[in-house]
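Next come two complexes built around chain A: one with chain B, the other with chain C.
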Partner chain A sequence: MIDFGYTLTRDRQLDYDRGDFRFLRIVRAMEPSLDVCIGCGSCTATCSAGHFTGFNIRKLHTLIQRGDNETIKAELKKCMFCGKCQLVCPRGVNLRNLILAMNRAIEQLG
Partner chain B sequence: MKREGKKLIWDEYQKEIADDNYFYVRSCVRQNFFPGAEKTFLRYMKELGRNVFENPSHTTCSGIGYHSDIVPFETAMTMVARQFALMSEAGYENFVTSCITSFGLYSEVLETWHHFPEIEEKTRVHLKNATGREFNKPKNLAHASDVTFRLRKEIAKAGKYRLVNQITGNPIRVVEHIGCHYSRMFPSKGVGGAEYPYVLVGMIEEWGGEVIDYPERRHCCGFGFRQYLVKANRGYSISASKKKFDSMKPYKPELILTNCPGCPMFLDRWQYTISEMEGTTYGENSQGIPVMTYEELAGLILGYDPWDLGLQVHQVPVEPLMDKIGIPYDPEKKFLDKDGNFMGKPNSPAFLKFY
Partner chain C sequence: MIKFNLFVLPFSLGLIYIVYSIIMHYYRWIKALPALDKVKLSTGIRTPSKVFASLKEIFLEGLIHRKLWKRNPLLGYMHMSFALGWFLLIVMGNLESRVYHGAHFNAPYYPIFLKFFIHDRLVLFFEIFTVPAFFRFMMDFLLLFVLSGLVLALVKRKQSNWFGMKQTTRHSLFDRVILTCLWLIFPMRLLAESYTAGYFHGGGGFLTQNLGNLLIAVTPGPAELIAYFFWWSYSLVLGLFFIMMPYSRYMHIPSELLLIVFRHCGIQPKKWGSAFSDLEVYSCSRCGVCIDACQLNFAAGINNIQAVYLIRGQRDQYIPENIALTCMLCGRCQEVCPVGIKVDSLRLIKRREIGSGQVSDFSYIASSHPGFADVVYFAGCMSHLTPSITIAMEGLFTAAGVNYLFLDRDGSICCGRPLMLAGKDKQANELMEFNKTLIRQTRARLLVTSCPICYKIFREEYNLPIRIQHHSQYLLDLVRNGKIPLQSQHRKVVYHDPCDLGRGGNIYSAPRELLGKISDLLPSEKECANALCCGGSLGLMNTSVQSKDEVTRNALHSLLEHEPDFLVTACPLCKKTFAKHSGTEVKDIAEMVYDAIP
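Presenting the complex of A and B:
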């Protein structure tokens, strides 16, 4: 490979035709409160793991909607399961169960 | 919608293109990028009985400097006024540009003068003070691809070949790419406007090919002046081209047709660069997708020798396309100059198939 002195930038276009939405369907069935999220970010602001690892639950919500399951798998490992996010959620989303549901969905899909 | 209504709407997307007696202005960069293209235009215009006049005193329009934020607009307008003066002195009224950026700049200047006559007067004073010249504005401003579009039926009639695969009988699958400065700034100045640019599509359809649509069809080629002129920024340029290649690849195009100086340059050269960066090629069997200017394609259709058209300086070899259409060529003469002297042969790329 030749080094030309500049590099290719990864395309950040979201292609919904390439998303894998099986994950979203399983998680939504296990925890329907996922759909009442308003994306305020309170969960992320109070996240214990987020202070040390960059874990971002609001981002996870976006990734599920996009069908980007590979990134979700890597992110989920960072959660400490403290539940503070659930305490501050203004919409009452069962976030701990949501994390559990995501882990179960990963097990199901392999 | 009623068919008559559609026709009426489509009429609004057409532009007037003069039929003869053109004052032709060349591009600064095309003779380096694709050296046979402009010569080929002049050749088929002559063969089709059209009068084209050139003045060797013609200089850059300054568009490349203007779009690189180096040349101020006042200077650019005075440069453009000088080109119009050359046209007026030669007794012509139909101005034809080889370069898309020139076409965009001439359109921009004429539009500015239309809305702000006092700026036109100021430019006339600048030109008179600097050169002693005066000028008339052209009655008709067209890009050379507009003129070729107008003559597309005559070229098809006089042509020896059609864009048809001789083995399968299927039309050649062509992706067309319009230069940004053709009709995006001033939609009414381009055939089909900014929404339905038809200038290259019309040629492809008339010459027997099939136009391929794909998601990033109207995406910029990546040249973008400032994206390329500074080496550190070239990642933006090549990434934009890659976005187009990735988007068009599933549709299996056999040719990319362009009408801008920068677009064929970058769509052609970046295919090599991407292949050397990450081993990706976009055509069949490690080939690239050949990229051509409309003049080169018209030349091929008319049966001109491919090496007279300058196809040997393309980074992506055009031989697979010529084989499909059934155009004969002599591989032994590929790297000989017009006097038969060997020009030297480039090294073979690591991934892109070379002929």
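Presenting the complex of A and C:
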């Protein structure tokens, strides 16, 4: 490949028609407080797992909305479930149950 | 001559069925025990001290109902009159039947229906001092004893608060049917014996004879037939009760006896369910004492998930998921359970079924050698949210000149208990291995933690070769050894027992002694084993933040009753949870000690 001094950036387009929103529906039914999130990122800032790796709950929240389930599956395994995120959430999102709900959705959808 | 009448058949069939059923259940439970527990059982029942302890507990709890007496005398009396009264009726009835029938073997129904077969008169004055008269008096007295309990049971349906119970169990239809049978047994017996005694002008005691005479006088109709009708009814309700018993909550009567023996033999519940846990489920009488103890009930109005409903679900082979997950695992219910059922372990068994299918990947954790020290300090995840605790602890370590190592200074690897509370033991074990390795590498002889959640799992699951202390114990040791000089600030404080430290770790006195040295410790309405949960419990999975807040506010209301200067606790999670709602400053015990250094 000839080096022209620049590269192509990865496609950042989101195709909502290809998202799998069954996941979102299951999670929302199990933990409705999902919808009050304002995306402040306090959860991610305090995260025990996030201290060691790129685990990011706020990102997971976004991925659910987009229906990008494959990424969620891989990311979710990193959670230590310590519950700090829930204690600092200014909106009262039940984050531990949100994690459980995502796990459940993965189980149900295979 | 063989005494027999057709009406004894329903009772006799019921009796055969219940005896068969109990034997089969006992056989099944004992057979299903793991090999090690079988050894424990067979050595236990040959150890006189254990047999004696079991019999003592069976007498005190199974018959007298001592724990219920302590809770409320009326409640204790009601249960005692049924259990002890019925038991003595059986014993006394058997003895009485021997007076009239000298054979070694009496038909089992004979003592039960003795008054139908025997109704001779005691006419002469001195005969009231004879053996038959004594038995007649005793049998009537015991029947009255049981009936007094029955009256109380009826009153309790309407006025449960007189019995120290705000709420009682909502029973299923089947439970209500068998309850009716049980309640009918003794009035039927009274009527049958009275009518017979009245008809024959003899055979009854002070109660049945007088009542019988009265009934015969005031009721028209063929008295013999009426008596016969009541004997049939008595036999039928007894038989029905026995036939329904194996499928009902009354199976707790034989089950609890075996459970007490199992416990005294040292048999413990297993993580994945076992014969022991199954026996615990059968031993629940559904008395509903756990309902009033549950904060989710009285503070947040969630009244369908309490221990009694969990266990009933287990008995019916179906536990709705929310019953398993909606619980703070604070341990208040098992503290008050008169049968001593380990409810939390039963709930965790169900949670393990739910949570076992999921996987984790903690390969990202890469830790280097932590270094060496005498004392290793593990603050815990939650303490990182309350840095005042870790600052105080580091200050205290330095003040005492301890060679310590702050193992999780740069962020904790979670101890694993939060995962375990969600039923994910496998994942928890993975995290535990990381921490175990780190702790071992320090070659410390003592592990101190600021978090009761970590403390509990370190002690119960980690199998570490070193001593483990919560910082309240450790600081008390330092103070006792004169390592930290203290000066009391004379501030009024109330101490809140964290669940995992108090009920979970049985540490009540160390923090109190420590606080007594540096402040004026006020009592609180509910403390020690009766302490409230702060509401922040990691055991609670699917309950809204609003409900949790209600639990927190309710607990604060109780704790701040005497208007202390500080609310002191010994858990970062409690501190963080209370601080959100408390008007009074919330401090950890480590901060209090640190502030008291002159």
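Throughout what follows, the second predicted complex is superposed on the first by the 101 of 110 C-alpha atoms of A that agree within 3 Å, B and C clash if a C-alpha of one lies under 4 Å from a C-alpha of the other, contacts with A are read in each partner's own complex, and residues count from 1 in each chain.
The criterion applied here is as follows: contacts are C-beta pairs under 8 Å (C-beta built on N, C-alpha and C of every residue); 3 or more make two chains touch, one makes a residue touch a chain.
Model, not experiment: these values are computed from the prediction.
Chemist: Looking at the overlay, does A:C40 come into contact with chain B only (first), chain C only (second), both, or neither?
Modeler: neither
Chemist: Once the shared chain is lined up, is A:G92 touching chain B (first), chain C (second), both, or neither of them?
Modeler: second
Chemist: Once the shared chain is lined up, is A:K77 touching chain B (first), chain C (second), both, or neither of them?
Modeler: A:K77: touches chain C, not chain B.
Chemist: Check the contacts made with chain A and report whether chain B or chain C touches more of its residues.
Modeler: Answer, by number of touched residues of chain A: C.
Chemist: Thinking of the overlay built on chain A, is A:Q13 touched by chain B (first), by chain C (second), by both, or by neither?
Modeler: The answer is first: A:Q13 touches chain B but not chain C.
Chemist: Does the superposition put A:I2 against chain B (first), chain C (second), both, or neither?
Modeler: A:I2 sits against chain B, while chain C stays out of touch.
Chemist: Which chain A residues contact chain B in one complex and chain C in the other?
Modeler: none
Chemist: Quick check on the complex: what are the chain B residues that touch chain A?
Modeler: Answer in residue numbers: 231-236, 238-239, 242-243, 246, 273-274, 276-279, 350.
Chemist: Please output the residues of chain A touching chain C within their complex, sorted ascending.
Modeler: 30-31, 33, 46, 48-49, 51-53, 55, 74, 77-84, 87-88, 92-94, 96-97, 100, 103, 106-107
Chemist: Within their complex, state which residues of chain C touch chain A.
Modeler: The touching residues are 325, 355, 357-362, 364-366, 381-382, 384-385, 410-414, 418-419, 422, 424, 427, 431, 536, 538, 541-546, 573, 576-577.
Chemist: What residues on chain A touch chain B, complex-wise?
Modeler: Checking each residue of chain A against chain B gives 1-2, 4-9, 11, 13.
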